[in-house]
Amino acid sequence: MNTFGQYFRVTTFGESHGTAVGAVIDGCPPGLELSAEDIQAELDLRKPGQSDLTTPRKESDRVEILSGVFEGKTLGTSIALIIFNRDMRPYDYSKIRELYRPGHADFTYQAKYGRRDYRGGGRSSGRETAARVAAGAVARKLLAAKGIQVVSFARMIGGIWLDESEPGIGDEPGMAGNPGEVAGLVADLRSRIYSSKVRCPHSDTAAAMERAIHTAGEEKDSVGGIVEVRAYGAPAGLGDPVFGKIDARIGQAVLSLGAVKGIEFGSGFRLAEMRGSEANDRFGVGAAGQVLP
Amino acid sequence: MNTFGQYFRVTTFGESHGTAVGAVIDGCPPGLELSAEDIQAELDLRKPGQSDLTTPRKESDRVEILSGVFEGKTLGTSIALIIFNRDMRPYDYSKIRELYRPGHADFTYQAKYGRRDYRGGGRSSGRETAARVAAGAVARKLLAAKGIQVVSFARMIGGIWLDESEPGIGDEPGMAGNPGEVAGLVADLRSRIYSSKVRCPHSDTAAAMERAIHTAGEEKDSVGGIVEVRAYGAPAGLGDPVFGKIDARIGQAVLSLGAVKGIEFGSGFRLAEMRGSEANDRFGVGAAGQVLP
Amino acid sequence: MNTFGQYFRVTTFGESHGTAVGAVIDGCPPGLELSAEDIQAELDLRKPGQSDLTTPRKESDRVEILSGVFEGKTLGTSIALIIFNRDMRPYDYSKIRELYRPGHADFTYQAKYGRRDYRGGGRSSGRETAARVAAGAVARKLLAAKGIQVVSFARMIGGIWLDESEPGIGDEPGMAGNPGEVAGLVADLRSRIYSSKVRCPHSDTAAAMERAIHTAGEEKDSVGGIVEVRAYGAPAGLGDPVFGKIDARIGQAVLSLGAVKGIEFGSGFRLAEMRGSEANDRFGVGAAGQVLP
Amino acid sequence: MNTFGQYFRVTTFGESHGTAVGAVIDGCPPGLELSAEDIQAELDLRKPGQSDLTTPRKESDRVEILSGVFEGKTLGTSIALIIFNRDMRPYDYSKIRELYRPGHADFTYQAKYGRRDYRGGGRSSGRETAARVAAGAVARKLLAAKGIQVVSFARMIGGIWLDESEPGIGDEPGMAGNPGEVAGLVADLRSRIYSSKVRCPHSDTAAAMERAIHTAGEEKDSVGGIVEVRAYGAPAGLGDPVFGKIDARIGQAVLSLGAVKGIEFGSGFRLAEMRGSEANDRFGVGAAGQVLP
């Protein structure tokens, strides 16, 4: 099942060491301004090998739009995005051919299909996410046009937590404001996030996270982490009952990423230890008498 | 989106105070022995009002099979299951008509659809899960025929945890054994689970959980909890890459339940604070040289 | 695959001699006025046994709405429709148990599933269409609210053709008019259609069709026919390229009916013998300069 | 809706004058031998510009497999096929920009999306079928491995019919034989079909069809035709009741092609004028007493 979504459907393809990875988007409305540069900007943020902290593998990805865009705007037809796999260094894979790496899907693919592309994970490689980032860049533009801003950052790495009290994290003044103001605040937050190697918007915390990664690395080990994703400007009533609840759909998408083993919404597992009186959202009443969630 | 699944597809319908709730199963193989009693047995375990701990609402549900079963076995055609809503006590809903209950989807449905069935939650009521239990009973029979056993229990209620060291929880001798032995052990575990009002297999822990519920209830409050679900006998390679990973599909299903705000697989969020060397599963080699995950 | 449709999805269930047949509609917008009577009216038109021309089998079907409608209007939730199978006369099916009727799907079901409900066709019975008629009645109301009117009639039965020159057939004055006028003309046409036993709006032609059926019946034989379906008021751009072209979707639906072995759109197979210059639609220009298809 | 199929799902993309057209196949089983040459062979048969009878447009298409194949066999992962649009002659499209060609979807796309790729049809161009042919070549290999052979030819062009009495058309000795024999007979039939410019296996009829095309062409006109598609070796029980009947699925696929306005199965519309006694298939009994459809 290489397709996700009901109205905006994304189909991905590609093995890590095959010819290309890519995505076909079906259901994107016509008239959205879209260029390869819009997508490239997101891919550049994803690119491994940007610092001494991640895999040394280089992926100098260039995305091409093959269809669905004409005279700078989407047509309403399927949008094919392709990223050729370049810079594949010659490598002797014969050693890995008969081995299953722990924590990887090598064994599972072999058990399921009777064969696998053993060169670096093939379809189960993290490289598959390049296609998601490309398709996600289109979704981001579409959402931004509706006043919805999505931002994500490292909340914890190697046991180092970004504290709720840091600016822009625990309290978000203006984040419930008008779309323009929200867009500005999110742009500012994203700028702080992406100026950090570990994608953490608070520089001291980011530095501590980096040290945790280095310390583990010196011991030939690695660390885990938690990513926080936020959406601003989302209207009430998104998602579709019953099986299409927005939590359910996001859950499916996020849990389909390799190495993700859990997801929480709102207070998440902390809710489980709360009393109902704490856990329930209260409703407020806006100035004009409008009920606010 | 009232349908879930790709091959075994379940479509549910029904509002809590409408005429009936039910499910249509599409894709169940032919030849499976199935009777209303098989399904009723699971519904009886779900039934609210069985103890002083849950909602006083009585649901004396009786399921009927309307189609898809002939001479005691499935036909391969769509299986319709229906549970009429009985015992609906006369009740004055005019008070709730203009109110949105916190922690419920009342507001969301109103915002999305412009109208809602305000009598007790309608489609967003927990009663919708009766249809899932009915369809799940068919899935359970199908899985059991393949040697797969699924069991669930309360791992935490109101801050009281079922300890890993309890028998049958942390170590499962025989659970990797032959299907017959596993079925027996699961039947035993289920029997301990369902002899407890709170569905916890360890009686002292169950008693503490009950006290936590009572204490909160005396303070007009409620508590949260964590359910653990286990599958025994599942073969390697279940699920479908990429977006159909088994974690992703289970995640969608579970997060589509009202009040569920998080899900973990395996070590879950604890993994995030582990080093890679701890987090990776190791592979063992079975007696016959077979690689075991 | 018991589900049809992408946005307005219909899932059907039921064997001819089981407990009930029915449909679940997913995706019907909220706020549509809907009652069981609306649906019953369409079922009454479908009912076999209304004349001496059809199967003597009686189906005094009563539809019930189980969900999705509240205070006379749809909720946006799934709409379950059920028709219990009544008046099932005691009948000895042992004779048919080991036989495959020609022109029926008995053999195919047995080959596919290894078993079948041999009592009168089971799932492959024409009775399955009662569920489609019920769901179609909801679709008809929804379309009418958008100014779209659908009408169908017998164009040929037993070699007797309804001529293009009959009033309301070949020329449709007013049929491109305003929605109210079109609704009136369609209502008039439907009234002529349904006052005929053979669903043909021209009484002399209808009488000849009836005679053809009787003549064949006296010879223990049956006749074939062609149904014409028309939609008025449909806007340009319906359907979804590529695989969702409206011809393709309608084709799938119609060809999924038992006994239907062909479908044509517009001039259909006659186009194949035309020159391109005849076959191409010409565009006209409306009074206000608007291009009309 | 650019995706077709339930288990073997094909998603296509591409405009006629964009960068590329292509397809992603999801659900192809692992272990199928597949090379670009297998697909190229089918594309070469499709290629316009091979004779003086078709559009002078040249499409020297080269297909590339981007993913899903490793060491000469499919992996079970999504298979991406791409055909870059080459040889696009410089052409002044400004004349066509404001015009809608009769018999084309230009108007429909404009009405639906508010914009369109006006250069030669864009997504609605017949060029979209190159992606279908490429995906179909994979399906053909998969079917052949199951002993199913599919063949198609011109049954009528410009009023000239290929007669039922021609060898290999009306009677197919050996076509119900063993898979090897059938494969040989189909290969022979295909060879006769593709040695004809008009894809008609009988040379005299083919010559008459060519003349009909030339005659119309001299009068600046074009002709219509009928394609016959046959499958040999298909087992009983293919397809999926109710909405997934094989007639219904094939109908959807074929009617989604531009310019196709009708489809028949078996005796098709001729059935409508037959008596039931003629129209019903009879069952025969094979040597071993096996019931044959």
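Labels for the chains are A, B, C and D, by order of writing; each one numbers its residues from 1.
By definition in this document, contacts are C-beta pairs under 8 Å (C-beta built on N, C-alpha and C of every residue); 3 or more make two chains touch, one makes a residue touch a chain.
Here the structure is a predicted model, which means the values were calculated and not measured.
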{"item": "Chain-contact steps, minimal, separating chain C from chain B", "value": "1"}
{"item": "Rigid-body rotation angle, chain B and chain A, from Cα fit (steps of 5°)", "value": "180"}
{"item": "Whole-Å gap separating chain A and chain B, where each centre is the average of the chain's CA atoms", "value": "29"}
{"item": "Distance between chain centroids, defined by C-alpha means - chain A, chain D (Å)", "value": "40"}
{"item": "Centre-of-Cα separation between chain D and chain B, whole angstrom", "value": "46"}
{"item": "Where chain A touches two or more other chains, by residue", "value": "1-3, 12, 77, 109, 112-113, 123, 241"}
{"item": "Footprint of chain B on chain A - complex, ascending", "value": "1-4, 6, 12, 100, 102-103, 105, 107-109, 111-113, 123-124, 128, 156, 158-159, 216, 221-226, 235-237, 240-245, 247-256, 260-269, 271-277, 279-283, 291, 293"}
{"item": "Contact set on chain D toward chain A in their complex", "value": "1-3, 9, 11-15, 18-22, 24, 26, 30-31, 64-68, 70, 73, 75-80, 82, 109, 112-117, 122-123"}
